[in-house]
Amino acid sequence: MDVTYLSDILKKVSEKSMDVDTALESLKHLPYEDIGYANIDQHRNLRTGEAEVIFGQGKTPEQIAGIVSHMMHDNARILVTRASAEAYEAVKAVAPEAVYEKLSKIIMVGAMPEPKAEKGTIAVVTAGTSDIPVAEEAALTAEFFGDKVDRVYDVGVAGIHRLFGKIDRIQSADVIIVIAGMEGALASVVGGLVEVPVIAVPTSVGYGASFGGLAALLSMLNSCANGIGVVNIDNGYGAACLANKIMKR
Amino acid sequence: MDVTYLSDILKKVSEKSMDVDTALESLKHLPYEDIGYANIDQHRNLRTGEAEVIFGQGKTPEQIAGIVSHMMHDNARILVTRASAEAYEAVKAVAPEAVYEKLSKIIMVGAMPEPKAEKGTIAVVTAGTSDIPVAEEAALTAEFFGDKVDRVYDVGVAGIHRLFGKIDRIQSADVIIVIAGMEGALASVVGGLVEVPVIAVPTSVGYGASFGGLAALLSMLNSCANGIGVVNIDNGYGAACLANKIMKR
Amino acid sequence: MDVTYLSDILKKVSEKSMDVDTALESLKHLPYEDIGYANIDQHRNLRTGEAEVIFGQGKTPEQIAGIVSHMMHDNARILVTRASAEAYEAVKAVAPEAVYEKLSKIIMVGAMPEPKAEKGTIAVVTAGTSDIPVAEEAALTAEFFGDKVDRVYDVGVAGIHRLFGKIDRIQSADVIIVIAGMEGALASVVGGLVEVPVIAVPTSVGYGASFGGLAALLSMLNSCANGIGVVNIDNGYGAACLANKIMKR
Amino acid sequence: MDVTYLSDILKKVSEKSMDVDTALESLKHLPYEDIGYANIDQHRNLRTGEAEVIFGQGKTPEQIAGIVSHMMHDNARILVTRASAEAYEAVKAVAPEAVYEKLSKIIMVGAMPEPKAEKGTIAVVTAGTSDIPVAEEAALTAEFFGDKVDRVYDVGVAGIHRLFGKIDRIQSADVIIVIAGMEGALASVVGGLVEVPVIAVPTSVGYGASFGGLAALLSMLNSCANGIGVVNIDNGYGAACLANKIMKR
Amino acid sequence: MDVTYLSDILKKVSEKSMDVDTALESLKHLPYEDIGYANIDQHRNLRTGEAEVIFGQGKTPEQIAGIVSHMMHDNARILVTRASAEAYEAVKAVAPEAVYEKLSKIIMVGAMPEPKAEKGTIAVVTAGTSDIPVAEEAALTAEFFGDKVDRVYDVGVAGIHRLFGKIDRIQSADVIIVIAGMEGALASVVGGLVEVPVIAVPTSVGYGASFGGLAALLSMLNSCANGIGVVNIDNGYGAACLANKIMKR
Amino acid sequence: MDVTYLSDILKKVSEKSMDVDTALESLKHLPYEDIGYANIDQHRNLRTGEAEVIFGQGKTPEQIAGIVSHMMHDNARILVTRASAEAYEAVKAVAPEAVYEKLSKIIMVGAMPEPKAEKGTIAVVTAGTSDIPVAEEAALTAEFFGDKVDRVYDVGVAGIHRLFGKIDRIQSADVIIVIAGMEGALASVVGGLVEVPVIAVPTSVGYGASFGGLAALLSMLNSCANGIGVVNIDNGYGAACLANKIMKR
Amino acid sequence: MDVTYLSDILKKVSEKSMDVDTALESLKHLPYEDIGYANIDQHRNLRTGEAEVIFGQGKTPEQIAGIVSHMMHDNARILVTRASAEAYEAVKAVAPEAVYEKLSKIIMVGAMPEPKAEKGTIAVVTAGTSDIPVAEEAALTAEFFGDKVDRVYDVGVAGIHRLFGKIDRIQSADVIIVIAGMEGALASVVGGLVEVPVIAVPTSVGYGASFGGLAALLSMLNSCANGIGVVNIDNGYGAACLANKIMKR
Amino acid sequence: MDVTYLSDILKKVSEKSMDVDTALESLKHLPYEDIGYANIDQHRNLRTGEAEVIFGQGKTPEQIAGIVSHMMHDNARILVTRASAEAYEAVKAVAPEAVYEKLSKIIMVGAMPEPKAEKGTIAVVTAGTSDIPVAEEAALTAEFFGDKVDRVYDVGVAGIHRLFGKIDRIQSADVIIVIAGMEGALASVVGGLVEVPVIAVPTSVGYGASFGGLAALLSMLNSCANGIGVVNIDNGYGAACLANKIMKR
């Protein structure tokens, strides 16, 4: 709820430049566009140049392309996560400059910004090779939001010397996203080695008693290391959002 | 169990117009037709013009078409939920006027009735675009049963101004069906804003720790708002049935 | 959110009887009282004579009594659910006329209203004797809200003649609350025998694979009978709230 | 462990017709044939004419056909459950007279025996049309074992008059197999109406909170009706085995 | 539903010895007594001398004693399962001859009948010493119903020679109740060694990943031995009921 | 692993002021004290004045007091979470100035520091009154770590005007800890209204299908609002740790 | 099944020193003693001096003492696990020299043997102080079986320098038992640092989403380090048994 | 962490043959190769001739082939588990001598070594034919590691004479891997019959309430036989690793 917007309306009513009924009506029409199957926020993008994000999973290619086309304008920067190759084909028809990152299933419309290096670095750390698709969803999202990212992949605890070989890169980051499937122990070990916020992403990598990522999720929630915030299984995007908000401080 | 029917039989026995054995036999043959793989109620439809419903999931196209053909008569009105395109092909062969709503997987035989607007309105509200297939199952079912429906889609709580922008439509409804996946928080928020009955439908929209809709289901069952009745995950049809029974009051 | 209240404020601003800052401030102070550990709604009770409700579980006797004392006024009608005997002692100190229903763990302050019989009847139906505490929570709540209640207890499906012996009372109700633990089959059977809305309350009655009411909960959610809304395990209060909202139509 | 067989060996040793080492060796070679990927019991079939059973799920068509070919002899009677169409093709190559029941996924080699009607009847009862594949697995197995079966399909509790219409067939059976998905309430209702043993088979029919048959399974295990034995989800074969053992008394 | 009873009523109506309204009324009053918190079947006991059973768990001592006192008459035989010592005290006040079996928590009113040995024997088999309370619930119930019981305790599979030492007693039984906690493997092993029906009772004996008996329950449901019917965790009473029904054949 | 410490050792070895064996030995003795049942870090506290923390749950009062006594020194600042009243008695014997916060079960040794207000504020927000113990664990921990805390209690979404009445306090915070049981929807609603990092703490407040906090946990993990990090159920301490790390940026 | 014993019987039958019936009978009476509620193996102890073990949980003090008294003889060595103080009192009455280890709830009758140091060492490693009771169950059991044990406690991964400070003790062991609750990550880290077999024991230490040890259990089963065998939650005894069998090689 | 390696570095620093910065740097570069998506250990293989292992699941064929090509050298011996046919095609391009075992999905590069028979034998035992793929993963891995393997397949407890027919092969093994799905009872029975370590592998073989192997997993964890270590569902490879470590003693 946009407090400024509300205050504006009240001011106009007070100045008699807006009558009560119109004001009441305006409160019902905060700036988004209803296209039937979606209500699209438009103000942020228009005013601030910030990136808009579409969660692609569960939407048809037509719906995704339709939302993109309503968001399009000069300098629009749009990120579509969990996008299929079919969705990309549909988006290209309305935004020809769109690019598709197959591994992370991300579509990007608009230029990747220069990272604001002075703000510091987000380390994106994975336990294994199979966790990389989730890691790339996190890394590309953070980069699209303007953050600097350092990728540290395949440093799981079973061969802890691999982790220690890269511990200085991890320790010099300002926020750390730890991505691990199976038993997810990497989050606890990294959490015990650093002083900065750690965001843990369990992945569905594993089989049998991993129960689709449940083992890693429970492991991370019960971490004996403190200061770890957990997001949903495979939610690289959400981890990047939280990291970005922390970086903005 | 049809008390009138039972009373009728007893009366005939008393009047000697039916002997005891026949009466006992009649009690075993309440009016449905056994076609081997299904027992079809026929009386309601014939007498009252009410819609018959077939739950399509788990039935073969042949079985569905077979049941439809036994239900067919002048002015028959039949709804098939969870129907595949193949089922529709089979039904068309026995009921050529049948129409198929692809999004909601509903087959309808017979005309959509005029909504009885004086009875009021059912608001069908979704958190996101991906919940629309379940919402359409609910909305079309309610309309086929004669209710007036107002569709309010994509008003999830992450952007609560979208909900408030349409709150008067929601608040003016007589029954509200809230459909949401992921964390299902919309049910609680809507439940706190209205005085009328709320029916909550968790959906399987989500991934990871949504566990196929379990997260939304538990969320809705534990709602801190009172007066919310919950139905099965993705059960748009069931929600419409309950709403219709409430509207009949 | 009280639309009338909002409209009032806007009107005053327009009429210059309230300045913008005061209006903005007022929007932040909708009528509830902050007593530190709780924010108490006061308007409804004061204006309408409707009952206020306190959910007692998880609150200390002191907190409950404190909230009651802030709600007290002439003709106040207050219901405390899930209240311990200790809570009752504390409440009596601030509201000496309070009564305590031990079986349902309900404290009531203020007179039980005459049921509005013309509105119809809520049938509260249990499968067994052990379900009665939950049933009484539902029945007393509904009666405190002004509804007429018919109690039909111990009619579980294992001896279905007991159910049929009372089926006319059940079929003549306007809303039916079905309360059952163990396998919860009573909800489906009743749901198949009536045309009015059914609210199903699973209870934690049972042992072993009932898993604290999970079996009954899942059973009711998956009912083959349509038009059943389910509430949380043992949530007799919530069922009464929903029934009351339906009765108000 | 075949006590007769053991006793025979001991007797021979005692009579010096078998030396100790041979006896010890014999105990290790009870009559089955090791074909590498399976150890095939052969005695029962050879001596008694009883049917042999192969659980087809998880075995390759080649393995199934291989086991069948080792079991083949004059008058062999072999049942393969959970068999794919491919498995049937492979079996036909070694047992050309084999027949395949597509609905129940059963292959049968050898003639279906005349049911021993004097032993009584097994009623196989389903809640819905979608439960029929499991029911046919049960019914065909029982018939292949020589039992008389009465099929009573689609009599779920949502329309309880359908059940009562066929209650005399159910009540006149000697053992009842109740097959139901969704909430599985039929088992409790039938269990309350009969005096004979009831075997309950939960099915995976349903969606959402049925969790693959878990809801029906828990419901049946918690039945308020007594004397119900439950088997695994979709285990029509196991139910028939238990029913057959009871019928043999 | 008592078909004879229904037939009687119809006959009387036909013979004009009962009018229609009385008949309709009678159908609503099948012979049970409503005492408010319970509906008590009375006919079976009165006519047949069969035992009545009260499930004590979840009922107050007063409720249990109240039900017993309504069931009392000459030669009444009443079993109360899951009864506390307090319940026993209350029952003794209305039925002084009642006895209490502390281990199995069973109260018995009326004499234990002579077992009908010609009907055969039920073997009650446990894996361990800790399973004995559940076993005694089963054994005493079966004996109270008139069955002959052979107790074979503490023969779990970890020391399989203990099982084999008593295998002839097990193999000579007509129905076998296998009671086991922890991993419940005894059911499968016994099931593979006998030809008669096996009823498996998982118990809550165990800790950690036994999850209150879930491990044993799942184990028994998935048994590779056929012909095993499973009842609820710790449900010795239910197992005895099923065994008794099988013995009656 | 303390890189400085490691580097120091290597330097000494290089300068011959430490021989290889001593160095190897030193690496095994990083500065903690082994008291048999615990290994106590001592350096941080001694050098930096930072608070030490003991997780009290699962430790005996003697163990807690023993660890405290080994940590004690001038200006020691020690926090014990999840401490029983008995633990407090034991601690007081070794640290007489210790204070005990009963609601949050926290023992504090050493003075509460002045909050560094320029760093900003952590808002601790609860849905209900019953969530306050967890909230106080979070708030006191953060304050003990030197952070400024704003408590906003009992603003759950069922009465969303209560939340809006305090939205400016919430929106002006730098990090927000949202604490909610039942369905945990408050996290999503707050997450949609603010731009700063949100830490969500599910609580075990609730009953029935809340399954000890599972419902709130899943709800928060599946939040449709982005940028939310979740910690373990009831883990107020962990939330404060993460908030503190974010505040340090 | 004791092959030597079986062979002996057969030999005697062959030599006519035992007739067939006696042999058959003997097979049913392998050397254990049936005391009604338990079948006690006696041979091992008598012949070999090995320790006998009684699992105390779920047995009454009387039963435990009864079993001990039947096992008693000169030089008897008996271990009772999960024993209450009451059980110890009862045991002392029949075995006055028994000692009780309160922390691990172990009763020991007979002298603790000298460890066979040449066989090597079992390291018992815990993550935290709260895991020590389970560790002591493991350590005392192993010592009672004659193994040498090295206790390494409170070296969880959150402060990994504590682990590294003791890594040489861990790496020099021949078998390692890792005991950890919460997220159980210690098993993976240790597993990656050693070449010998690792036995992982999840404990119920933790709260919230540890779900009684489930999180640690799943974590250990999904370990990315290879060569880890997992036992039940809190099963220190079982871990010691497996370690002892490995040490015997 | 390689203590020798660490000691070496320290020695060089002490001898001035390596300066401090280089040493610190070296500690960060333990011998593995970073190829972007994976960090490959190279030392073991190069120095010792031991087999390297790649876990194929979740890696693309290109990634697997890439890792193999970096591991390749004269006499390289590489095992790829959970490899698809596509992965095999990609590996063949870089290692033409690679062979593919379709049943177990294993790729092997390099010669199968002669088993060191003097070390003893690992018995790999399965309950059924469907468990063989997991068994072959275990058996081939152990053989590739140089162990002698005895395969004993299809000896599940439902026909316990099959197990006893091969008990001498099982009892003469030095380590036993028991592989079973469904209820997994074979682990307990074998565990009770042998004195050597038993490694239990639950498999996902089964349906319904086996819940993807959960039933067998819980069964094995709760085994009443002692000395059983459990690995993840279907984890034949992990079982072989643990067996190999035990065999090395």
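The chains carry the letters A, B, C, D, E, F, G and H, assigned in the order they are written, with residues numbered from 1 in each.
FYI, a contact is a pair of C-beta atoms (placed from the backbone, for glycine too) under 8 Å apart; a residue touches a chain by one contact, two chains touch by 3 or more.
To keep track of the chains, here are their UniProt names: A, B, C, D, E, F, G, H = 1-(5-phosphoribosyl)-5-amino-4-imidazole-carboxylate carboxylase.
Everything numeric in this text was worked out from a predicted model, so none of it was measured.
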| item | value |
| --- | --- |
| Chain pair repeating A-H, as identified from D-H, D-G or E-H when over half of the contact pairs by residue number coincide | D-H |
| Interface composition of copies subunit A and subunit B: same or different, split at half | different |
| Comparison of D-E and E-H (more C-beta pairs in contact) | E-H |
| Most distant chain from subunit C, judged by the mean position of its C-alpha atoms | H |
| Centre-of-Cα separation between subunit E and subunit B, whole angstrom | 41 |
| Distance from subunit E to subunit C - Cα centre to Cα centre, in angstrom | 37 |
| For subunit A, residues that touch 2 or more chains besides their own | 1, 27, 128, 159-160, 164, 167-168, 193, 208-210, 214, 217, 221-222, 226, 232-233 |
| Residue ranges of subunit B touching subunit D (in the complex, touch as defined) | 1-2, 27-30, 32, 36-39, 41, 57-59, 63, 202, 204, 212-214, 217, 232-235 |
| Residue ranges of subunit E touching subunit H (in the complex, touch as defined) | 127-128, 156-160, 182-185, 188-189, 191-193, 206, 208-211, 214-216, 218-226 |
| Touching residues on subunit A, where the partner in the complex is subunit H | 128-130, 132, 153-155, 159-162, 164-168, 205, 207-210 |
| Residue ranges of subunit C touching subunit B (in the complex, touch as defined) | 1, 3, 53, 164, 167-168, 171, 174, 193, 195-197, 199, 217, 221-222, 226-233, 237-238, 241-242, 244-246, 248-249 |
| Footprint of subunit B on subunit E - complex, ascending | 6-7, 10-11, 13-14, 16, 19-20, 23-24, 27 |
